[in-house]
Structures are given as structure tokens and as C-alpha cells.
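Dropping a structure here in C-alpha cells format, bear with me for questions.
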Amino acid sequence: MKRRICVVVTARPSYSRIKSALLAIKKHPDLELQLVVAASALLERYGSVVDVMREDGLEPDAQVYMVVEGENLVTSAKSTGIGIVELATIFDNLKPDAVLSIADRYETIATAITGSYMNIPVIHVQGGEVTGSIDEKVRHAVTKLSNVHLVSNKGAYDRVVKMGEVEGSVYITGCPSIDLAKDVMNGMTYEDFDDLKRGVGAHIDFNSDYIMVMQHPVTNEWQEAQMQMTETLKAIEKCEYPAYWFWPNVDAGSDAGSKAIRTFREQGRCKNIRFLKNLPPEAFLYVLKKSMCLVGNSSVGIRESSYLGIPVVNIGSRQAGRERSANVIDVDYDENYILEAIKTQVTNGHYASSDIYGDGSAGERVADVLSKVEFNIDKKITY
Amino acid sequence: MKRRICVVVTARPSYSRIKSALLAIKKHPDLELQLVVAASALLERYGSVVDVMREDGLEPDAQVYMVVEGENLVTSAKSTGIGIVELATIFDNLKPDAVLSIADRYETIATAITGSYMNIPVIHVQGGEVTGSIDEKVRHAVTKLSNVHLVSNKGAYDRVVKMGEVEGSVYITGCPSIDLAKDVMNGMTYEDFDDLKRGVGAHIDFNSDYIMVMQHPVTNEWQEAQMQMTETLKAIEKCEYPAYWFWPNVDAGSDAGSKAIRTFREQGRCKNIRFLKNLPPEAFLYVLKKSMCLVGNSSVGIRESSYLGIPVVNIGSRQAGRERSANVIDVDYDENYILEAIKTQVTNGHYASSDIYGDGSAGERVADVLSKVEFNIDKKITY
Amino acid sequence: MKRRICVVVTARPSYSRIKSALLAIKKHPDLELQLVVAASALLERYGSVVDVMREDGLEPDAQVYMVVEGENLVTSAKSTGIGIVELATIFDNLKPDAVLSIADRYETIATAITGSYMNIPVIHVQGGEVTGSIDEKVRHAVTKLSNVHLVSNKGAYDRVVKMGEVEGSVYITGCPSIDLAKDVMNGMTYEDFDDLKRGVGAHIDFNSDYIMVMQHPVTNEWQEAQMQMTETLKAIEKCEYPAYWFWPNVDAGSDAGSKAIRTFREQGRCKNIRFLKNLPPEAFLYVLKKSMCLVGNSSVGIRESSYLGIPVVNIGSRQAGRERSANVIDVDYDENYILEAIKTQVTNGHYASSDIYGDGSAGERVADVLSKVEFNIDKKITY
Amino acid sequence: MKRRICVVVTARPSYSRIKSALLAIKKHPDLELQLVVAASALLERYGSVVDVMREDGLEPDAQVYMVVEGENLVTSAKSTGIGIVELATIFDNLKPDAVLSIADRYETIATAITGSYMNIPVIHVQGGEVTGSIDEKVRHAVTKLSNVHLVSNKGAYDRVVKMGEVEGSVYITGCPSIDLAKDVMNGMTYEDFDDLKRGVGAHIDFNSDYIMVMQHPVTNEWQEAQMQMTETLKAIEKCEYPAYWFWPNVDAGSDAGSKAIRTFREQGRCKNIRFLKNLPPEAFLYVLKKSMCLVGNSSVGIRESSYLGIPVVNIGSRQAGRERSANVIDVDYDENYILEAIKTQVTNGHYASSDIYGDGSAGERVADVLSKVEFNIDKKITY
């Protein structure tokens, strides 16, 4: 009988980070994929990722609306609580042999808790990394709730072991997000430009030089989110390059972020910017591959961009602590610093590819480990 | 303005472990206690701990029913999810400056998650210890969600620091449960014997020699819970000492445990056993202090009993890994081993008092730390 | 394509009232049964009705734990709220063409609300009847939320129409519970006496004369539940007939009811009573058919007993207002009145069969209506 | 001791409909107001009604985030379920003597269910009216769950009684929304024009002639919501009058409605329209009083506008069945019909004031009834 691996996808970036593993699990002769699509991955406001998944041949076994509206700290907690209540019923009905929790978004702890409490082995992908903000708490707490750890690199491996996890339970698979980047590096193109037209704002010639922006609110400082966004908006306006700007995730503070953007637009500014909700993962990477520079605080700048060699201007504390390659310049929330860094990066051009987050075969390694590892729900700290 | 410290008490044993700290916080001139009573602490089936608290002068600011019935693994998860949903609303309305999460029961992670996600500093009492079963996952995950750690001893301190917590955030206060034990050691007596009469079964002369039993289901092995309980029932029956047996906690498996007891009773056995729901914390310790031996798998055997010098027969894996004093004999789930160990312990008599879980001043130390520590919600692993 | 009819079964008595319809829906060539088993129907404490259903060939498509423990008025509301949250996800995933809500238990409004809000036609079985207590509010509210009404008799029909429902949406099918009674009348026997042995208390010779008791707490008077139960216990004790007593439902107050029974038993009383958790529906009716008299406040006394001609002593207000046949004597909560009525009924012996709650073909009529009715979610009061 | 009346306000329009009653309850010597603000009344996206309430001197005793994001039919149900779970805890802690449920929005049934199940008398304001869509189901179901009915007019009174409610439990108080209209009729002005400037779109001279638009999605037809909105947008564009357009409520379909507006704006159309989120209730009525005509499907057109004599173009089925005065012209979703009706109404000018929804003293009557009525939780249908 096949091992049933239940994966809960809750957001657009989580899908990018797990897609190649989902496809590999689905294809593996000894595994059965049970797919639950939940939270902002179902919401039109965040680009209806579930539709992208269906187009990729990934039909959900269950879908769960669980985001409580408010986009503040209270509702982050509530959404997570509802997630646990509902995932418990879903796991009880689907009866998976293991559940997989992705990375460190706040609501993903629902998968780890529900699995743990139901004596289902918990697999964690992308543990052991270091960042600022609430993600840091969530990531390491999920490590302590998990039975198998599939990490991106040796630094993450060492950290997970140091936290008291048994060595034999930690595997360096690389990050599945790099698998998609590899396909793009290997010449995969993307032709359906309708998505690029769907946004609002400037009309950009996709074949010209352009930059990209992805900036998320930093939860622990959410009241400053509007100011932070505004500094970047001003820098992008001044640099004058055509820019594709991707709307922020569902997170406490994203309303504040969105507000800064809307205010700017009402003032008739942002004339060089096109705002997009989202693209399918590969399309996004293809557009990124062709860009001059990525600006913001997305982990894409640290992770996929290191492999693709894209120059990155990383703003603020959100990625603080995460291992990085030579492609990143860190700056504070300050219009002038941001502008200067953009110019430096554009002048520098693309960097050499780095494999610090994987070599592009993570998905298959994940499926391979899941087909062979001995599942065990008992665990004890090693010291 | 006083610092508002919100404590969520969810069960009978949690109350024993935090009572002296609650009273010290309430009394402290710079602190305001916000008390939330929830889960099994409200249920008559588990002894209506909330009523005991009221008698101790601790009036709840809010109460929350959150236990989903079923006493299985699915409902443990669901209860926790509901806890998060409701605590979010309660914290949003009470606006505490910090929340305190007690030890490692499954539902206590709700306090740590809700506090963390709402950017409220999380205080954890009794982290850094080691046991088997789901408690182990919960305890260390709560450590990674917490900002201040108030631990029982140096071993716990070292473990919390090794997990990557900043040294300055960890304080050895001792366990508040020892404070109550100290009062009892210092001659506090308990006169209201109505509680002892309230149970069912044998009539025991409180002034004669007797033993005590407290055995909880071990969640990760819950289908075996009935067998485990039965081995102990048989051993107690054979030893022939009068025995006070305390009903198990609300936990996955407690129904199975209860069933074993009921089956035994229906067969007209257990003639030397009186079954009790619960006692107020000090009354319990007073009865413990006067007993010849404690049998079962309660942490009381490891913790309070080390201070009181009570001989303990500790059964199975539930307390595996927890630091212990000389008073404990560990045995497997086996009628004969249990019986033999009881005889050895009764023959040995009481042990010398140990302070490995504290010297009896933990409550005041907890309040003192909470009045002075600089709260900070940002944290990052130290390596 | 078959019409998907989703039925949510939440308790033991609801199953008896819908079983024949479930089997008829399952068998009907144009219908597909989607079965959700939830709430106390999953709990061992209430006899694990889900296991009985499986033995009847009814495998659930989903199961949902939703009873919040406390058995009080607060938790009745909470359980219902959780039911709505979870049924929404389940209906979203099962995509039924209609949902069926059974009778008037508090948690059944969850089915009606969730269906209504999701624009799924709501079928209500057993609307239009009259009783006391919270059931009365629930039943008529569900009528106003429903699109198709399948009622027991002309009185119910008239009431539903008077409340402003369109005549064409109301069908007199009879109550499906009578279908099972008809099978028993037609000679169906029940041989598996293990269930009768499983309870606790007196050993009763099933072939001798005996009476039966089923008494539920009356929610609006729940603090009096213990007194109410005690009066009946005393009357049954005095009448001296062997008695099968069935434990109360999960309801606010059932703990109080259970407590009265346990107190009585601890006093060594109830020597003529055997306490049973539950029986499969037909087994129950078979035992009822053979009994001299049914005592308590169950709707079985009004409903199935009218068809079977069983003498009934109906206590208190719970069935007030429900249409009844000649077989019922109504008495107040009073030991002496109850005792006297029992004697009168036993002396009288069985009554003639009445069809005021149906002629025994309701299940097939229900399936027939569901296969043909034009579903329509828009409705407007007729005046 | 004062009677504690707990009112749950869940949305902007509900506040307008209850404000005068809230103030009258607060002022009444025998009543204590317990105010719970929940759902979209807390959300910035819907104008943070809670802030308006605070400015009116109404400080919430508790606030509850409960809107599950998705704005579809699944999440309407879920939001309601969460509301019940949380209101149960809140009522358990606030211990009101009665709870008041406002009108017929989907989530308001949570107040009625929770109150009913907790044996708290339920007061319903604005029952007995007739409309289309899901509101119709909700309104009458709430009537059947309620113990006291405070209705707008004789038609509503008759309907509630016909549904089987006891005559003595129904009071014609008028609708409290008319009280605010009366203040405006009596010369109350509104000077803080900042709110009018806060929207987006055309700059309108408030002292010139203008029209107003308020159009909500019709839930049972939500996939058509975008088309419906577009017809109105085209008619308003063609009529060329300056127009204040108020964004729709949080409801399944409001995203579709919003999308139609955004699409129109992106095309550079709507040059005569200013889009506003919301105004404080009296400000809104002041602006309405000065307008030439109200277009859309808001109940404000039927209710407050009848008192103010404002010409109304009522579109589609949403208000079908509601009693109306001479000021309303009903049209279908059709650009041309809407345009023609606007012209007719502007030409006609204001109508005479009507009191079919009250004479402007409803708030005080509500408080008066609540201070005197004998609360009783038992009820039984009258036939």
C-alpha cells in the first residue's frame, strides 16, 4: 500500500516552495499525495493560487477557508486556531501516514500541531534557517513539533541538530523552490503574457529592461508598514526604471502596505510601476530571470535569486540572519539608500549562480526520503 | 501603571504548579493579575478546579469552555484550536502586557501561540525538562515561542540555552509547585475531610497507613491505556494497602483508563481502593505527605515528592528523561514489578528532602522577575 | 446524474428517526446518499452510534467531532457554532444538491444554517410539531430556514403552512421512525442479547415482564434535572417491576441527570433496574414492543409507542403540545403520581395501534419526494 | 439592580438601525447597556464603524473578529459559526439579562441562537418584514428564536403574530433608524466634511445638486453581481449628475461588486462619481436629505427615505416585499430603465414625509419596553 503524504498549502509563496516536491510525490510509485489547499491560497485577493495548482494538475482533496479578516495580529492567531480545528477533521477523514508542513508562515504551525496531536508523523521542509520577526518563532517551534526535517543546506542542518533533534532525522534536500529556478535557467520560457497585462498601472514592455519589487509588511513592526512601503515607492519612482511590483501577502500589516500604494497612486505617482497580484511560480521566475534587479524583502531575493544570480536590494530586517550569496546588498528603510543600491546592482549586472539553497533536485529528494524514512512519532531532545 | 500579567489555567495539575505564583503576582505592587480559567479546569468531571481557585481568592477575569468531547487525538487538536480562537479575543479585550504559559499540557500551546502572534511577550514556566510522549513536543515548541523562561533547575536552564535561547532570558526560579510542598513540610495541615469522603469505593481511615495512586494515560500509546491501568489495578489490589486513587486528567485515552477502572469495580474488585476526583492542591499534598508511597506516572512523583521525600513507584515512559531524586523507583507496566517496587518503597520509608525542583520560594521569584524583566518580543536563535 | 442528498446525523435518537429514509435514499436509483456523522453520534459515552450505522451498511462520508464538553447551556451554543464552521467545509467539499436536517435537536440547526447560507436547498424532516423547551425554538426556526418540509401528519402540515410556508413545499410522509416500528410489529425479532448484558445493574430476564424508562433533562429547567430524575428513580424503585433504564442524551443537564442516577446507585438502591447506554434502533423497538409500559419523557413514548400501542407514562413538560394517541398518561414530576400511572398502565395492557405519526412507509416517501421535488432556494413568506 | 441588555453590532447598517436605541438604553435609569462590536463593524475595509461608535460615546465591552475571508457563501456560514462560539463565551462572562438581535443580516442569527441556547431572553428588532434573498430566511428564523419582538409597523406586527408568536410579546416601536432621520428633518446639520473628502474619484461640490448610490450584492444571485453593478454604473455615468457612491457591505458577492467598480474606474469612466466608504449615520442622512435622488437597492431607500421624502430608484429584487411609501420607483437591472427612473424622480422632487417605518421615537420606546417587559424564555407556537 502506498504511503499517504498529506500536504497543506496555505499561500502563494508556499506553493512556489513546494511545487516540485508535490509533483514528485504525486509521481512516486510508493507515495500517494493528499493535497489540502487552505487559507489565502483560496482567495481571489491573493491571486487564487488554487486555480494555478489545478492548471498544474494538482487537484485538491479538500479546501478550507480559514483566514479571519482584519489582517492584524488578533486575526493571525484566530486563523491559525480555525486551521487546527478544521485540519483535525480533515486528517481524521483522510487518514494520512504523514503530514508535511512548509517553512514558517504563521498559519503553517496548524499543520504541525494537528499532525503531532493526532500521532501522525510531521515532516518539516525548510527548517533550521534564521530570520527576524514572528517567522523565527514559528519556524523553530515547528522544528520541535516535527519528526523529519528536510532542510536547504548544511547551516540549517547544523542548527536543527543543535536544537536537539536526532541527526538521523535531518536530511539536506535543498529547497524545492530552486528546482523551478533550475528549469528557468535551463531555458524554460513562459509565453502567456496575459497575466502581466492583468495588473494595473504603467504599461511595460516585457522585452525592455525592468526591475522587480516584492515587499511584505514586517509583522512585529506593522504600524510602520506604511512608512516602510512609502520609502521604497519613492526610491522606485526616482530610479525611473520600469518596475513590476507584486502586491504583498496576506499578513498583519498588508492592509497598511496596500494603503501606502493606493495613496501613492491616487496622487498620480508611480508612473513607471505596474502592480501585479501574482503569477504562476515559473512565470514569476522567468520574469525574475529577465529582470535587472529585485528590490524588497522577499525571501525570493535570498533564495531563488542566489541560484539565478539576480542582483538584489534587500530592505530591512525581514531576511536578517538568513544565509546569503554575493548577489544581495542589504539596506535600511530609506529612500536614498535604496535608490543608491539599485543603481549599484543594475551597474553590476547578474551574478554567478550559487547553490547555497539547493542544486535543483530537491523535489525528487523529498519524495525519495518520504518513501524510505522510517516514521516514528516518539521523539526526545538529544541532551 | 501596573504590568498586566495574564495567566491561563487549563487543568487541575496546572493549577498546583502555578498557584503560589498566581498569589505572588496578585500581591505584587507592580503587577496586575489577569486570570483566565479554561478547558478541564471548568469541568465538574475533573473536579471543577475553578471553584477551588475561587475559594483561594482567585476570581477569573474570563472563563472559556474549550474541550471538545471525544478524549481522543482528534479532539486534543480541536480543543487547542478553539483555545487559540477564543484566547485571541480574550487577549484583545484584556490587553495584557505579557501572557504566561504553564508547562507542557497539549492545550497550553494555545496560550503561547496566541501571545506570540499578537506580539505579546510570552513567559514560559517549567521549560527545559525532558519527558516522553506528546508533552515533549509541546514543551520545547513552547520554549521556541517564548520570550522569557522561568525554569526549575540548572539542567533545565542548560537545555533551554542549548536550544538557542538567549542566556539573559532564562531564570532559575524553581517550580512553584514546590512552594506548596514547603508549606505542608512546614506543618500546614488540612482539616476539611469532606473532600476525601466525596469519592467512591473503600472507606479509608485517613489516620492509618495508606498509599496513593495517580496514573495518567500515555497519549502516544493510548490504545494500550486500558491494559496499563489494569496492571496497576491488579498490583494495588494485591498489595492490600488502603489506597487513594485519583482519576486521570482529561486527555486522549482517559476514557480508556476510566473504563479499566469501571470494569474492575463492576467485578467487585478494588475493595481496598477509594477513588477521588481531586483535592485542592494543598490538601492533596497534605494527604501525599502522610502517605507511605505514591504509585503511578504523575509528575508529582518526580517533582513534589522529591521535596517531600515520598517514596515513589514510577510506572512506564511518561516521566522518562525528567531529572529525579533518590526517592523514585522506575518500573514497567507489569503487575509483579509494580507490586515488588511498592513493597520495597514501603519498607524503605520516607526519603530526605531534595531541592532539585526548587527550594519553596518559586512563586515570589516568578513575580519578582515579571516585575523587572525587560519585555521584548523580538527573538532570534543564538546560533 | 444522481441527486446528492447530504444527511447529517448527530445523535442516537436522530438516527432512529431517519434510518429508514437513509436506507431508502441509498437504494433509490436517482439519489446518492452523502452521510455525515457528527456530535454525540461519534461518542462512546452515548453508545457510538456510528458503529451501529456501519453495521447497518451506512459508511460515513465524513465524521465531525463537535461537542464541546460541559453539558451546559454555554457549550450547547458552542457545539452548534463549531458544527457550522465544519459543515461549511464539508459541504464545500462534498457539493451536495440538498441537505437534510432532522427534527429539532439543538445542534441540528447547524445543518439548516450552513445549507441556507451556502444556497443549498434545505430539507426538514419532522417540522410543524409542538413541544416545550428549546426544541420548540429550534424546530420552528429550522422550518423558516428550510425549502422542503417532510412532516409526520396533517396537524404538522397545517402548522407549517400557517407559519407562512408555501403549500407545495410541504409533504406528509409520516415519520421514518414508525417504519422501524412497523418492521417490529410485523414480527421482526432481535436475537443479539449481548447489548442487554452490556449495561450495569440488575440482571433482568428478558422473557419476563418488565418496564422501560427513558428520561432526558429538560434544558430550560436544567438545575432541576437532578430532582426530576430522582422522583422517577423513587417511583421505579417502589413499583418493583424489573426495569431497563436508558441513559440520557448529551444535553445540558444530562450530567445532573447522570449524577442523580449515580447517587442512587451508590446508596445501594435501584436493585430492580438495569442501566443501558443504547441499543441499535430496531433492537430498542423490539425490547419496547415486549415491555409492559414506557416511563419518562422521550418522544418515543408519543411517537413510536403510539404505533406499537405501548402504554406510556409521560412525565413533565418535555412533550407538551405534541399530538398524541390514547396510549399516553401525562403526569408531573412526582414520585406518587408516576407510580400510580405506572400501575394504571400496566393494568390496562397494550393499546390499539395508531397511525398519527405515520403508517410505516415514510422512508420510501421521503426518498420519492427527494427524487422528484424541484429544488429552489428562494423563498418568501406567504403573507 | 439594573437590567443588563447586551447588544451585538456587526455592521455599518446595523449601527444606523440601532443607534438611537443604544443611546436610549444607555441613558435609561433601569437598564445597563452591554455593547459587543463584531464582524465587519471592526474592519477598516468597511469603514471601522467601531470608531464612529466610540465618537458617539459608545465604548464596546468586547470586540470580536469573526469574518472569515472569501466573501462567498461558504465563509458566510463559517463566520456565523465562529460568532456563535465566541458570543457564547462573551455572554457567559458578561451575564446579560437579555440579548438584542438586530434585523436580518446573516451573522445576526448568531446572537439569537447563542442567547436562546443559553436561556437568555432574545429581543428581536425589525422582525416581520418581507424581502427577497437569504435575509428572508434569517429574519423569520430569528423571529422563531426570539422572545420579544420590537417591530416597525402594523404590517410587521400582523406577520409576526401570524407566524405563531404570542400577541403580548410583539410591540410596534417603529424602526430606530427613523429617529436619526427625524433629527436631520428637525434641522440637525453636519459640518465635518472631511469624510466626504476621504473617498476617491470626482470632486463634488456638496452644495450643488447631486444624487446618491448604494447598491449591495444580492447573495442568491451572486455570480450576477458584477453585471448588476455595471448596469447601474452605466446609468449613473449617463445621467451626468454628480453622484456619491457608497461601497457595498461585506457580503458574499461584494468582491464581485467591487470588481465591477474598479474595472469601470480603470477605464477612466465614472468621472461624475465620488466613491465613499461610509459616513457616520447622521452625516449619511444629512447628505441623503440634501440629495435629489437615491439609486440602488439599500433598505435606506425604503425605510429612512420614506420618512425624509427622498425620491428613490430601487433596483432589482433585494427589497421585494418590503412595505413602501410613494417615494419609490422599482426597476430591473437595466441601464435604460434606471436612467429613465432617475430622471423621473429628479423631475418630481422630494415627497411628503411618511411614518410607515416609525415616527422618530423608536429608541425611547425600545428602552421603555426593555425596562418593563417580563422576560420569559419559554415559548410555544400559538396554534
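Think of it as A, B, C and D in the order they're written, each chain with its own count starting at 1.
The definition used in the following text is that contacts are C-beta pairs under 8 Å (C-beta built on N, C-alpha and C of every residue); 3 or more make two chains touch, one makes a residue touch a chain.
Since this is a predicted model, take the numbers as computed values, not measurements.
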item: Reference subunit B; chain at largest CA-centroid distance; value: D
item: Pair with more cross-chain C-beta pairs in contact, given A-C and B-C; value: B-C
item: Whole-Å separation of chain centres (CA-atom averages), subunit B against subunit C; value: 41
item: Centre-of-Cα separation between subunit C and subunit A, whole angstrom; value: 51
item: Multi-chain contact residues (two or more partners), subunit B; value: 65, 74-75, 78, 82, 85-86, 88-89, 92
item: Subunit B contact footprint on subunit A (complex, rising order); value: 73-78, 80-89, 91-92, 106, 109-110, 113-114, 116-119, 130, 132-134, 136-138, 140-145, 159, 162-164, 219-220, 320-321, 377-381, 383
item: In the complex, subunit B residues that touch subunit C; value: 40, 42-45, 65-70, 72, 74-75, 78, 82, 200, 250, 255, 266
item: Residues of subunit D defined as touching subunit B within the complex; value: 62-65, 82, 85-86, 88-90, 92-93
